[in-house]
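Shared between the two complexes below is subunit A, which pairs with subunit B and subunit C, respectively.
Right after this comes the complex of A and B.
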């Protein structure tokens, strides 16, 4: 047997006999399995609830009675953000963003009923998901089982014995790291099972699942190498434990919160209320539809009359009120889009700043990769918001067009005073059924991988760093042992 | 006293002592600074929205008062509400980063307005804020573990234990040493808090309350450290056992409790009630006006004898079915609220067993930044909305013109609301 394998096998035998090691591994594997099972079942349950609500909303929209089309513009529509298959592995920001959006004319509502506002402050302790178990607890188990791997043997003089038998320091480090990698494999196993299940049964993209598996394997490998190296470099096993736990606390506990505060401080965002007011103000500057002498809407009327070659709006072949509604919607929507894109850009800058702290925390790097590959990052929510806005605009304008084409100007103008006209402006509900349903287009695999790339690169950097550390530790051990 | 001074000199001479305490003090100071900055920013936002809101109201007033239609006034005028942070909020920001602390409402159906969310970066909200409560709950115990895990075992490993015991120190010595270290940790974490509280103008009673809770929490961890240390294992083993205990008590069990509580108390009523409320409100357009008004007059008999609605559209009828829409979902609204409160109550119960959860619950309650505070803000908005409706109703039902001067008479959000 090669010395490396020999050392690894010995270390594993030792771990298998130690009660603490058994307990730690069993605990994290059980926890990981529990997390995977609950996350998958919760994910499936909330997906079922959302599709049931979506079906209900679609049914209710289609089932509305004969109405004035503008009534339907205000009746609006509810859309629900579907949960991606891999949310069962890493729900990401799902609980922190509302999952339902009410779409109506000339208003842009917020996505509501996210779990975070419906939960007690326990939600801030972290959610028990396979991703959380590996990100936060996995490294800790590796540290507990590995901090003494080399330090202990140096304390007891065993290391010197190895060296006199001709074993090289590099082989010792490699062997110990190999043994610890087996532990990492055990920690990873339930999560890999969950990924396999989500791919085979849940229909998740295999490439995304493989990216997740590779990312988490790399993450744990970073900790395996760091633990082994520190165990070789530290003057005593106690110091090794202290510095490793400190590094873990910095990476997994401190850095994510610090990143949040730094990013928010550097790039604060306006509140929703201020944005609403700003949009109203901008709108008023373009044109005020309540003002009969407003220059913008006067010009609009003039251009409509010119297009149709008539002198009065009453003579138009179409319903002028509908045209006004369409023009108004066009204006508000363009403002909504401008403000939303500005907000998205702000958020991207914030997230970018936070990810930059991945330079000091591999946990931040793997978290970013994990959410991106699972499709549960903020970009996924933004994709939903953007598609929902496009859908909102499409159905509102479709309804407005019905008002333009199916209603006469004279009926529409006296619908409240003349009961007959009031009856005629209610159009056949078949039009509601013909309105297309909202179909969410999730990120393509290419897009998901693109979003995962920064995290992947950062992790690659960490892996190289950890490898370099292991090499340096071997060199130093070699010199000290000789 | 001189004995304690002696111990202090001994302790501070240790390699890890000063850097560890300084690190904790620094983190606590940064967290307090971050919290104070955030709360100041929120207070500035609240101050900033009021002139913005007034300007918008003036624009509405300008065109509405031309024909004095009270229905338009009620429809187009938004009314700002806000939830001012308490003096202790800087220490435990809680839900204030995800729940709106400024919200505008109109006299229309409330249930489609009150659940509106705030815009925030969910990726940043996910890990939570770096506030003082976080430093105390998560980091202070780790620092205690660093300083206390080798209290006895360290002396044994250095070969001094027997000499120390023989010198007759016995229990007094260890109490003194442990007390000294725990006390220094308390000072390191508490001093920045007291400074922050002074800047924020918190009352002495509140500050003492927080300090008492913090002291109890640190006492718990001190006792855990001493208990593990008394088992006579090596320093390394103590360190590992204590770190594992910390992980289980502050990460694993709270996360498990969260799953258990949320699945035992499902709250789907939020979405259900908004869907149902929309149906109820919009069905109002298709129902006979007399039936709608009759139902409304049951709740508001004072408007029964106002002129009847004859035309195709009248604001009376419109605002009547808006309010009836809210009333139609009163039961799911209560059920939703009960579900949320039950989650909160279970969390408080978990807090009796898990110190970290108990500490967080208590601190956020004291700071008024928890779920209960959010619900209380919603209650105030409900009461304010009621006042708004009752303000507009006389104009609408008596068909009194709404003039420019009437805008100033509308109810204003007050801190005492």
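Right after this comes the complex of A and C.
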């Protein structure tokens, strides 16, 4: 057996005999396993709930009685974002952004019913998911088990005994790192099991699951190498422990919080109230379809009359009130679209800044990769908002078109004063059933991989840095002669 | 292993100079130890005794002079030198959750040796560790018991050179006497033993030669053949240490 494997095997034997190490490993493996099982179970349950409610919302929309199409525009429709197959592994921003949208005419509502609004505030401090266990607790256990691997043996004289047996410093560092990697493997194993299950049974993309597995393995390896290197470089085991715990607190606890605050400060977004006021102001500028002197809608009327070659709206072969509704919806939707894209651009700048801070924290790098590969990053949420808005616009305009084509202008104008006209403007409920259902299209594997690439590259950089640190630690240990 | 004629010393140090932290520690140190000889290097705190051992193990590079262990230069052939020496620090460090057998198997395994239980028992018998202690975890071992485990390792490795760093410090007189007898046994087996120590009595008990280290070099060397008078040695040691 090579000295590296011999040292690694002995290190594992020492851990196996140390009660504290046994306890720490057992605890984190149990936590990881519980998180994995919870991920699978919650994912399935949450998906089932969302599917059930989506079906119910579709049924209720389809089952509406005969009505005026514009009443249906205001009746609205609920859409639910289907849970990505890997969301149980890393819920990402899903708990904060919400997954339900109420779609109606003339309005673009925000998503509701995120877990943080429904559950206790504790959810804000980290759910027990495989991602959380590996990102935050995994490194802590590695530090706890590895900080003294070399420092303590140097303090006791065991390290010199190794050197006098002809062992090189690099072999000691590699051997200790190899043993700690086995612990990292144990921490990772339940999560890998969950990924396999979510892929084979839950229908997750194998490439995304493999990206997650590779990313988390690289992340834990960074901590393995850093822990072993600091243990070799620090003047004592106490200093090694203090340095590593400080690095962990900075990377896994402080940096993710700071990254959000820094991104918000560097790329501030207008508040909801400011946006609402700005939209109302812009809406007023567009024009008022109910105002007979409104210049925009007067021009619109003139254009319609010219197109159909008639002098009065009453002579049009279609319902002018429906045309007004369609034009109004087109205008407000394009305005909402503009504001939404501006907000998305701000969010993208914030996400970019937060990702750039992954240069100072491997946890930020793996978090970005993890959310992107799981489909639970902000981009996934924006994808849902965009598709839901496109769907909202399509069904509202479809209802408006029913008003244009199936209702007469005369009936529509008298519907409140003439009961017969009011009866005639009600459309048969079969029309609602013909409204297509909302089908969410998740990111393709290529898109998910593209989104995960920056995080993967950052982790690669961290791995190279940690490898360089291990090499430097070996050199210094060799020179110092223990 | 290089051929070494009986006339050639197993350890040969010539005009060794070592600086640590910019300050000179050893200056033109000369000493040699032959196979089957025990050399005791005496000196006060900071005289450079442990530094000498570190150079012999290739853990420190000399600033000048030449050093050979079994004809090899520790500065450039450290691995080869380390395969030929056994080192016993002042406090022998062992893995406390492993037994004596497991410690021996582990440390010998680092250089590819896989001694059988019978071979380990023979070495531990020679080192004097009682049979009942061999399967116990070494966490409860006394300093003397730890030294016996380390000596057993050296015997199993059949190394020609032993470096002992303050081996009898903290041992009770009986244990110190046992240890000195053990060192005598190593000499009988043909090993070259370099022992750095404060223990004048122990040195007089088992060493063939005693060198007084002061001011970075050997200021006086006496031979057991000359008939060692411990009180006279004690006086001269004090004078040498005072510089």
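In this text, the second predicted complex is superposed on the first by the 481 of 482 C-alpha atoms of A that agree within 3 Å, B and C clash if a C-alpha of one lies under 4 Å from a C-alpha of the other, contacts with A are read in each partner's own complex, and residues count from 1 in each chain.
What we mean here is this: a contact is a pair of C-beta atoms (placed from the backbone, for glycine too) under 8 Å apart; a residue touches a chain by one contact, two chains touch by 3 or more.
Bear in mind that the values here come from a model prediction, so they are computed numbers and not experimental data.
After alignment on the shared subunit A, the placement of subunit B and subunit C results in a side-by-side fit free of clashes. Look at A:59: by the touch rule set out above, it reaches neither subunit B nor subunit C. In the overlay built on the shared chain, the residue A:306 is in contact with neither subunit B nor subunit C. Of the two partner chains placed by the overlay, only subunit B lies in contact with A:24; subunit C stays clear of it. Between subunit B and subunit C, the partner in contact with more residues of subunit A is B.
In the overlay built on the shared chain, the residue A:10 is in contact with subunit C alone; subunit B does not reach it. Contacts of A:441 after superposition: neither subunit B nor subunit C is touched. Taking every C-alpha atom of subunit B against every C-alpha atom of subunit C, the smallest gap after superposition is 15 Å.
Subunit A residues in contact with subunit B (one complex) as well as with subunit C (other complex) do not exist.
Subunit A makes touch with subunit B in their complex at residues 20, 24, 31, 34, 38, 42, 49, 53, 56-57, 60, 64-65, 67, 71, 74-76, 78, 92-93, 96-98, 100, 102, 109-128, 132, 136-137, 140, 144, 148, 237-238, 241-242, 245, 249, 253-254, 256-261, 263-265, 268-277, 280-281, 284, 288, 290-291, 343, 347, 350-351, 354, 371, 377-378, 381, 415-419, 422. Those residues of subunit A that touch subunit C in the complex are listed here as 1, 3, 6-7, 10, 13-14, 17-18, 153, 156-158, 160-168, 481-482. Across the complex, subunit B meets subunit A through its residues 16, 27, 34, 37-38, 41, 45, 48-49, 52-53, 55-56, 59, 63, 80, 94-95, 98-100, 102-104, 112, 115-130, 134, 138-139, 142, 146, 150, 235-236, 239-240, 243-244, 247, 250-252, 254-259, 261-263, 267-268, 270-271, 274-275, 278-279, 282, 285-286, 311-313, 339-340, 343-344, 346-347, 350, 356-357, 360-361, 364, 370-371, 374.
Touching subunit A in their complex are the following residues of subunit C: 54, 57-60, 79, 82-83, 85-87, 89, 91-95, 97-98, 106-111.
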